[in-house]
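Each of the two complexes below includes chain A, the first together with chain B, the second together with chain C.
What follows is the complex of A and B.
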């Protein structure tokens, strides 16, 4: 027992901004863990996650949800998936490995990223000022995920609903990304 | 009287008056006017002076090709020079000023140059300012520059904002005239995603300027209906006032959207948006640009292109004169005369250079066939013209048509070369258009409106089909068939009168001839020698005319003469639009460390390290110089304890059953047998044997390692490891991911560091020297169960640790440690103190790992394993890298400890010389790479490279800094200035 208590702080202090047809919200209730797939255990992993959570390995740049929708797997590389799931504790690796029960390597990435949800009917109008990939609804469908660069910042973009996108940027860039979104909103709305 | 030249009709709103100023005079126009149409409505024909001779010049065209009517718009910092009046939509409060004159526009003092014009022919500068040679730079060039140039800059930062954006489409249609709209209608009916862009703020192209009916209604009305129909479709994006200025690789198009009207209402809104459009296909429907004919004094205000005269009348309700004449070499010129008569404007004469029968009857006009205009009169406004038959005609407006040039510029942005078409006497696109681009309508040379509509209509269908879309079976719009017939006419013999080819650059037919006579045969050379086709309009109205004159001079075909190369941008783009929002602090993003907020509260001075903001030092009350802060931080750390945020160092988690083998291959030293719970320093080389990066790697489990890299190389080392894994050794079971941002990491250094950490680390983790010795590593918990990692490593040379917690606790941990360390007088230290301590300790860093140094050069030859292969091993054995007299890293300390103290600068950057040598390149012995004032040694010290340094310890040389004018004697010594035995860090 020490005399000191550590308080957790989200990258953007849980910011919420509501504009006309456009909202910016920091995602604070999710964890992210990299699940690396050992070369000789691909099949084992596939059967394990199917059995434990009803999950399959998604196609590239796509995602898949567990039966209870609490875990979403994103596929951005062949030999790994990113698990995006509801969990706010300090041990995301153990929590996820317990849920998936799969022989993979787990590395916590929850604190690596600032996660910003942009949503609303004007979300694509705002994002087209900074996002170089095609966000047309029919091209970047709900569930699609991609890695790109916005305003010089490496970014993962995930479409989690019709008019809702989650942007992940390295935590240290969080303020710059938030600023970029705000400037876009100012310019467009 | 206001708007004396205004007539009824047009597509402007004559119920909405707009007030603007021109050279300070208040004028009025109507909503929908351009600045040019409003000036003409107010009978302002003289709108500027020419570039070289300061000749009075008037409006010539009605579009972005305008060579003369370029103005300064706005005032103060908002002033923008070289703005084309022909594309500037007027607004209340617009301030326009003419350019290129000293004194009033009507009495330009510089017009005297016109009288010296016989001396100022092509190549004048090159021929005249040759002697004396020394005068060029000091006298001639400043004088020429002072009188040259188009407009003036405000010299203040541009207060407007700009933005950029990205859009995707299946089909980009460039130009919303008759063929563009027809193409858009069929393409959009297929469901394909269409972007229709037009540089005009009113879509419709020439349909807005012509009387021709389409589908039995006015062409402008048909265009308006088509635009409305397209605007209602979800799969269509309309971008008016948007210029497609460049065609780049892979179907990328540069598009500049003008949003000035929005930014005037709200100055926070961007004035322009620079779009990057990704299109699978494009259809160029950019229409055509009319050209002039080179006859004597063809540049007077009041002489305009015939199509422009028609447009000002039909679209803007402006008659360009009371008594208009038309001079043409093609049938389209006659249309101007016809339209003028319909509007009741007097047409004095129609002069056609062709010896054919008259094309049509024009009521009240004299008709001259096979006749040319050879001279004109009227300095500030046209008064009369003289014909080749000797007749003089009084006229105040001359409409000239030398034919229409397909607007094919964008087809050439991938080096396409236009080909000559005799039938329309102009160049048309060849087949080498940029990939995915098709061309329709007048841009392709299809001059008849009916054919252009059909062509656009068909292309919209066929291009959509190429992408798998099926257009609806629509009927192409119908319009009466009007043929276009022309006989090329370039120059007219004009005696001593100058016949102007390029109005903007004051190039005459005689200049072109002179260039040809002087041996300039290539069209590109003639352009550079005469300036034909340069500057803001890039010769849009002049190029083909100039080429025609060249071809005649050299008795060769147009095809043989060829064209100059069209490059982006198609029309001028403000530099601000390229910069977009990336100005000032937004030039690039910033990265903040977990302790940033806390550091701000302490008044830290920050330094940019890459994109990171790191605390450089923490000034305390009473400290007036940074050295005082840094010395204090060093002394306090070395005597008790200090804390530094080292989160920025790269951290890579590497997991898998083959990681130890993998690390063995990338580091010079062995890692295979590193025990769990231990850290090892590692040096990695590039393939060529030069040092790439260094850092420590800890083994946290049998199959789990965590590597640290320098801040600067965090990304490049990760990329290198990925390359090694994916390309060199893909069979190894290795998985890695950056955890740089996952953990907030702090160096806790100094003799009391353990005592401090014992107050933070949960008691079940024993961090005593015995349980957690130097180079120990492991997972622990802190502050009641928060997961953490602890490494006993030292950059400072003191008993030291690096402690890492999930970044969410980074700020809190910093505060907790500072609180816990109060009893030890804990001090935060910044990157300067970090640097001082590493140099005192003799650690190599960025200045030493400069890509030219091997492990041996750095004094780390002993680390290199001879028992294994690793990256850089083979090439590290090169004879050159084994030489003893290479530059080797050693330490340097001044013989006189007070040296440089008064001057207050270090030895960094000084070159090393033998004691009696002159400071010349051939005497150079090496250099000081890093140097600081050492508070522990009480003098400046340095690390550096000198030939055969490792064998020269104890020798004396000089450190000479010619930039800062210092020359001191220094002793070559061990780089380990402080605690060379390393006892302190093992305690």
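What follows is the complex of A and C.
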């Protein structure tokens, strides 16, 4: 037995930055699990997740929330969904497959992503300098999710409320992404 | 340049990677025959150099990772049609 234990750390150390009309917060209470859909089982998956959580397969670049709002499914590819849900344990994969109980393939990706929430009334002004997709409120509505490029790196963007966006970028790039957001905020605010 | 993705709508070409002519879908299937060497030579090395509408393969690497068949005019860069390569390839009787 060792006399020490290792502690898990979030990619950005739980950073919280408050500026005028703009906030940056690391999301630390969520897990992300990829759910790959077998081609001939779309219908089975759909009826199973409907029965277990009241979920449907979302349309492309859209999301859907479970009845208790704890699980959000994102559809970024035709043959898979990403489950974004409140969970901090180390067994997100089995936790989710237990809750959905659908015949699909589950892969835990929680620790591979840095998750950053940018919020506040100026959030779109700051994001429009680094995000190539159209974020106008009527085009990219609440619940929309997209995978695009920011700072040349693949990034997922999810609008979870009127003035709140969650950005996911690869863990090793988290600090650089944070820097890019801060620079943009510095230029805009 | 904007590519009108059939599933995702208009997206910046920065998100895509270009591969080449759609002819690459038609990989010869007669690899067991003697004559296949010539067919593979044609498939691998011989390219049309079209001045006009060109069908080409683009990969949405920084997006949903789909392959697209984009019809682009090589003189004007105007994109007139975008389809999922999966659909094009199936229509040709290839794949599952």
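By definition in this document, the second predicted complex is superposed on the first by the 185 of 189 C-alpha atoms of A that agree within 3 Å, B and C clash if a C-alpha of one lies under 4 Å from a C-alpha of the other, contacts with A are read in each partner's own complex, and residues count from 1 in each chain.
The rule is short, and it goes like this: a residue touches a chain if its C-beta (ideal position, glycine included) is under 8 Å from a C-beta of that chain, and two chains touch if they have at least 3 such contacts.
Because the structure is predicted, anything quoted here is derived from the model rather than measured.
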Which partner, once the models are overlaid, touches more of chain A's residues, chain C or chain B? B
Touching A:165 in the superposition: chain B (first), chain C (second), both, neither? neither
A:132 contacts which: chain B (first), chain C (second), both, neither? both
Looking at A:22, would you say it contacts chain B, chain C, both, or neither? Reply first, second, both or neither. neither
Would you sort A:61 into first (chain B), second (chain C), both or neither based on which partner it touches? second
With the two complexes superposed on chain A, say which partner A:76 touches: chain B (first), chain C (second), both, or neither. second
For A:147, is the partner it touches chain B (first), chain C (second), both, or none of the two (neither)? second
Residue overlap on chain A between the chain B contact set and the chain C contact set? 132-133
What residues on chain A touch chain B, complex-wise? 1-11, 34, 36, 38-40, 79-80, 90-91, 105, 107-113, 128-129, 131-134, 136, 139, 151-153, 170-173, 175-177, 179-180, 183-184, 186-187
Chain C residues touching chain A - in the complex, by the definition given at the top: 7-8, 11-12, 14-15, 61-66
Residue numbers of chain B touching chain A in their complex, please. 161, 163-168, 193, 268-270, 276, 278, 581, 586, 588-593, 611-612, 653, 655-657, 703, 731, 733, 735, 737-743, 759-763, 782-787, 805-813, 816, 819-820
Footprint of chain C on chain A - complex, ascending: 60-61, 76-78, 132-133, 146-149, 154
